[in-house]
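Alright, structures below, take your time with them.
Okay, so chain A shows up in both of these, paired with chain B first and chain C after.
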Partner chain A sequence: MAARSLLLVFRRAPYGRSLSRAGYDVALAAAAFEQPVSLLFMDDGVWQLMPEQRPEAIGARSIARTLESLPLYDIDRLYVDSESLAQRALAAGNLVEAATPLDTAGVRELMAGHDQVLVF
Partner chain B sequence: MPVLHTLNQSPSGDALPGCLRCLGPGDKLLLLEDAVYAACDPYVATLRDAGVDCYVLEADADARGIRERLDASITPVDYGGFVELAAACNSVQSWY
Partner chain C sequence: MRFSILVLNSPTAAQAGDSAWAFAQAAVAAGHELYRVFFYDEGVAHGNMLATPAQDDVDRQARWAGLAREQGTDLVLCIASAVKRGVLDSGEAERHEKPAANAHPAFELSGLGQLVDAHINSDRLVTFGR
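What follows is the complex of A and B.
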């Protein structure tokens, strides 16, 4: 099977709905089939990158912990939209995982540079 | 009689403006689920301007790792506090 590069865009906050969990399932499934996967966090999706998430109280599994496990599956291309961070008074240094900050031009380039883009 | 307004949508969604517009004097606002981000800078400024007592459900804030970012003007409550707020108000209006 020829490799098709896949970009997963996370636009929603974690936990409020099951969408982001589905995104990580797709990431892990694609990686299992050795498809190159990149993750982009923008809009409310940047909240997924907050450290010290404690979702036990609401009966959910930790998104932060899932993020930390991604390198084990060779998913190590994580990007975050700088504009979305700025709108939320967040800085790249506040985040759980080393996501590369991109400006709008960089985001456009990232989207154009993948064979397939899925939004969660 | 005061109304307890509960908001469970992110402040970047479309529920917050309508909710803010409908807050009456003496009403209370409780932030739940994805609305807990409204208790953080920069969104919290619009809540302060609303001039009503605002609360945030601490389990939802802790789940999302934002306890340290909650603005001091917002009072954290547990589930018992949620019940007390509902009991102290005449009705509950849910914004979702």
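What follows is the complex of A and C.
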């Protein structure tokens, strides 16, 4: 099967809507079909990377746990928009999974460097 | 160029489906190929045959079905998204012991593999909705 690189961009907060979970399901499906997958977190999507998520309080399944399982599926290219972190007074050093911080030019380059980009 | 489309919102809640439709029309008019439209998450409501639009409103489902017929475009509802929202074909209705099936026959229920296939086999995969 031909391999084409896929970038999934997460722009929404982790809970409250079904779309974040839907994005991870696409990541896992693409990895299962041996497509190289990268994830980029920007805007409110950076909240998905916060440690100590306790979604059981609102009856939701943990996004953090899903993130921690990604390396098992060979999904290990995670990026985070540093401007989105700065706007929210967050630091890259304290995230659930190690994500490479990128400035605006870096984000542009990342998007240009993938065959397809999907936004969730 | 060969396009596929990903639709993420229901036709009654958001503009996304209409924008996807307008994009599809423009792509076909410009001579491009439309390989597949994949309806995911809330987007699967597009395939609910029991949805009955008001008389003075557009029949969006008939529009998509017409496109599939004329262009040979696949219309795929994500099976996991569809089943949990109550959009079932006869096979799923039987499997889950539900009293009725309501997926429009122009739409096929299938897995996320069909989205990955569209990613592999299309020059561009364009998302509508969020």
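Here is the rule we go by: the second predicted complex is superposed on the first by the 120 of 120 C-alpha atoms of A that agree within 3 Å, B and C clash if a C-alpha of one lies under 4 Å from a C-alpha of the other, contacts with A are read in each partner's own complex, and residues count from 1 in each chain.
Simple rule for what comes next: a contact is a pair of C-beta atoms (placed from the backbone, for glycine too) under 8 Å apart; a residue touches a chain by one contact, two chains touch by 3 or more.
On a predicted model such as this, the values are computed, not experimentally measured, just so you know.
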| item | value |
| --- | --- |
| Fit or clash - chain C, chain B, common chain A | fit |
| Which of chain B and chain C A:D44 touches, first, second, both or neither | first |
| Contacts of A:Q53 with chain B and chain C, given as first, second, both or neither | first |
| Which of chain B and chain C A:A30 touches, first, second, both or neither | second |
| Chain B versus chain C as contact partner of A:F120, first or second or both or neither | second |
| First (chain B), second (chain C), both or neither touched by A:A2 | second |
| Cα-centre angle that chain B and chain C span when viewed from chain A, reported as a multiple of 10 degrees | 90 |
| Chain B versus chain C as contact partner of A:Y15, first or second or both or neither | first |
| Which superposed partner A:T100 touches (first chain B, second chain C, both, neither) | neither |
| Where chain B and chain C come nearest after superposition, their Cα distance in Å | 13 |
| Doubly contacted chain A residues - partners chain C and chain B | 12 |
| Complex contacts: residues of chain A adjacent to chain C | 1-4, 6, 11-12, 18-19, 22, 25-26, 29-30, 32-33, 35, 115-116, 118-120 |
| Complex interface listing, chain B residues touching chain A | 8-10, 12, 33-34, 37, 40-42, 59-60, 62-68 |
| List of chain C residues in touch with chain A within their complex | 6, 8, 40-42, 80-81, 111-113, 115-117, 119-120, 122, 124-125, 127, 130 |
| Of chain A, residues touching chain B in the complex | 12-16, 43-44, 47, 50-58, 60, 64, 87-89, 96 |
